[in-house]
Amino acid sequence: MPIVQIEMFEGRTIEQKREMVKEVTRSLVRTVNCQPEAVKIVIREIKKENLAEDGMLYCDRES
Amino acid sequence: MPIVQIEMFEGRTIEQKREMVKEVTRSLVRTVNCQPEAVKIVIREIKKENLAEDGMLYCDRES
Amino acid sequence: MPIVQIEMFEGRTIEQKREMVKEVTRSLVRTVNCQPEAVKIVIREIKKENLAEDGMLYCDRES
Amino acid sequence: MPIVQIEMFEGRTIEQKREMVKEVTRSLVRTVNCQPEAVKIVIREIKKENLAEDGMLYCDRES
Amino acid sequence: MPIVQIEMFEGRTIEQKREMVKEVTRSLVRTVNCQPEAVKIVIREIKKENLAEDGMLYCDRES
Amino acid sequence: MPIVQIEMFEGRTIEQKREMVKEVTRSLVRTVNCQPEAVKIVIREIKKENLAEDGMLYCDRES
């Protein structure tokens, strides 16, 4: 514990994911007082056709 | 808020997803009194080999 | 299938939830062509101190 | 009910998944007293670059 | 890994949960070839007013 | 986007959650290049009887 899930659009590089998990883990260690090895992070990548806001798919919003 | 996740078998067209998120958003606006722009919907597509019911994978059920 | 999860602030009445699941189920039946008895909906209620946007908890935003 | 989600690294064979869902369903039937046909299991497969522990991606750990 | 989430109606005893996590962990070890200490299980308990099937809340079905 | 879910044991203060969401949001902004107002964080609090590792509930481990 904690178990973190991060959903974001696909397309980030491994380097960005590497920095992200390092930083997010540090943030949790500092603020909720846990051991870094207790932090698990799952990244879920989503296509723009699979996220909607305001009743509209993201793949339809950007133009 | 609300955040909606919909898990379904892969294979729907973008047109079906487009209608689905429009309709589901409207349903939420009408029934729980929220703003349409507050509704986020994440679609997760699942392969038939990754869903089971009654101890059996869906890819094994259909024959 | 589909399995739907709806996260929203706590405080809705059972009557609102009842209407919500009826409407959302209908929306899915109409748009992605599934049987109504195949639609499962899980509602997750969240306290305002457990949701954040823009780095701020909702319980701190409203004043 | 119950609805089970199992996240694991990609790369298991269908035969392994088939055995897994059979066994997990039986375990639930035996221990929490439910009908086997009430047990739904969703498998989510994750790439090693999408899981981190101790601030490090799994794809960076194994060497 | 694996990370397992089990959603079920509230009301199971700790003894039932204890047996359930023991059995489910064993099932995973046997079938997908993982170490028992790698298996994490999160139980989520749901009220009958927060689950619906076929457009109807469970708290309305049972009578 | 991103949508972040953080599961952790219950018992953190609002002050700890406040710091946590501020820090995690900043970490995401810095590393995956998103707007802070696009970051949503859901906190899920779990009882020790609802998490297991190595086939054992956490409420049984600590003694």
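In this document, chain identifiers A, B, C, D, E and F correspond to the written order of the chains, with residue numbering beginning at 1 in each.
Just so it is clear, contacts are C-beta pairs under 8 Å (C-beta built on N, C-alpha and C of every residue); 3 or more make two chains touch, one makes a residue touch a chain.
What you are looking at is a predicted structure, and each value in this text was computed from that prediction instead of being measured.
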Quiz prompt | Required minimum of steps from chain B to chain D, each step between chains that touch | solution = 1
Practice problem: Name, by label, each chain that touches both members of the pair chain E and chain F. | Solution: A, C
Quiz item: How many degrees of rotation bring the Cα atoms of chain A onto the matching Cα atoms of chain F, given to the nearest 5?
Solution: 180
Quiz item: Which chain's mean C-alpha position is the greatest distance from chain C's?
Solution: D
Quiz item: How many angstrom between the C-alpha centroids of chain C and chain A?
Solution: 21
Self-check item: Centre-of-Cα separation between chain F and chain B, whole angstrom
Solution: 25
Exercise. Could you grab the centroid distance between chain B and chain C? Build each centroid from C-alpha atoms only and quote it in angstrom.
Key: 12
Practice problem: Specify, in ascending order, the residues of chain B that touch 2 or more different other chains. | Solution: 3, 7, 26, 40, 42, 46, 51
Quiz item: Are the chains arranged, by touching, as a line, ring, star, complete graph, or other?
Solution: other
Quiz item: Name the touching chain pairs, please: which are they?
Solution: A-B, A-D, A-E, A-F, B-C, B-D, B-F, C-D, C-E, C-F, D-E, E-F
Quiz item: Where on chain C does chain B make contact in their complex?
Solution: 1-9, 12, 16, 19-20, 23-24, 26-28, 30-34, 46, 51
Quiz item: Tell me, which parts of chain B touch chain A in their complex?
Solution: 14, 17-18, 21-22, 25-26, 36-37, 39-45
Quiz prompt | Contacting residues of chain E [partner chain A, same complex] | solution = 3, 40, 42
Practice problem: Write out the stretch or stretches of chain D touching chain A in their complex. | Solution: 7, 46, 49-57, 59-60
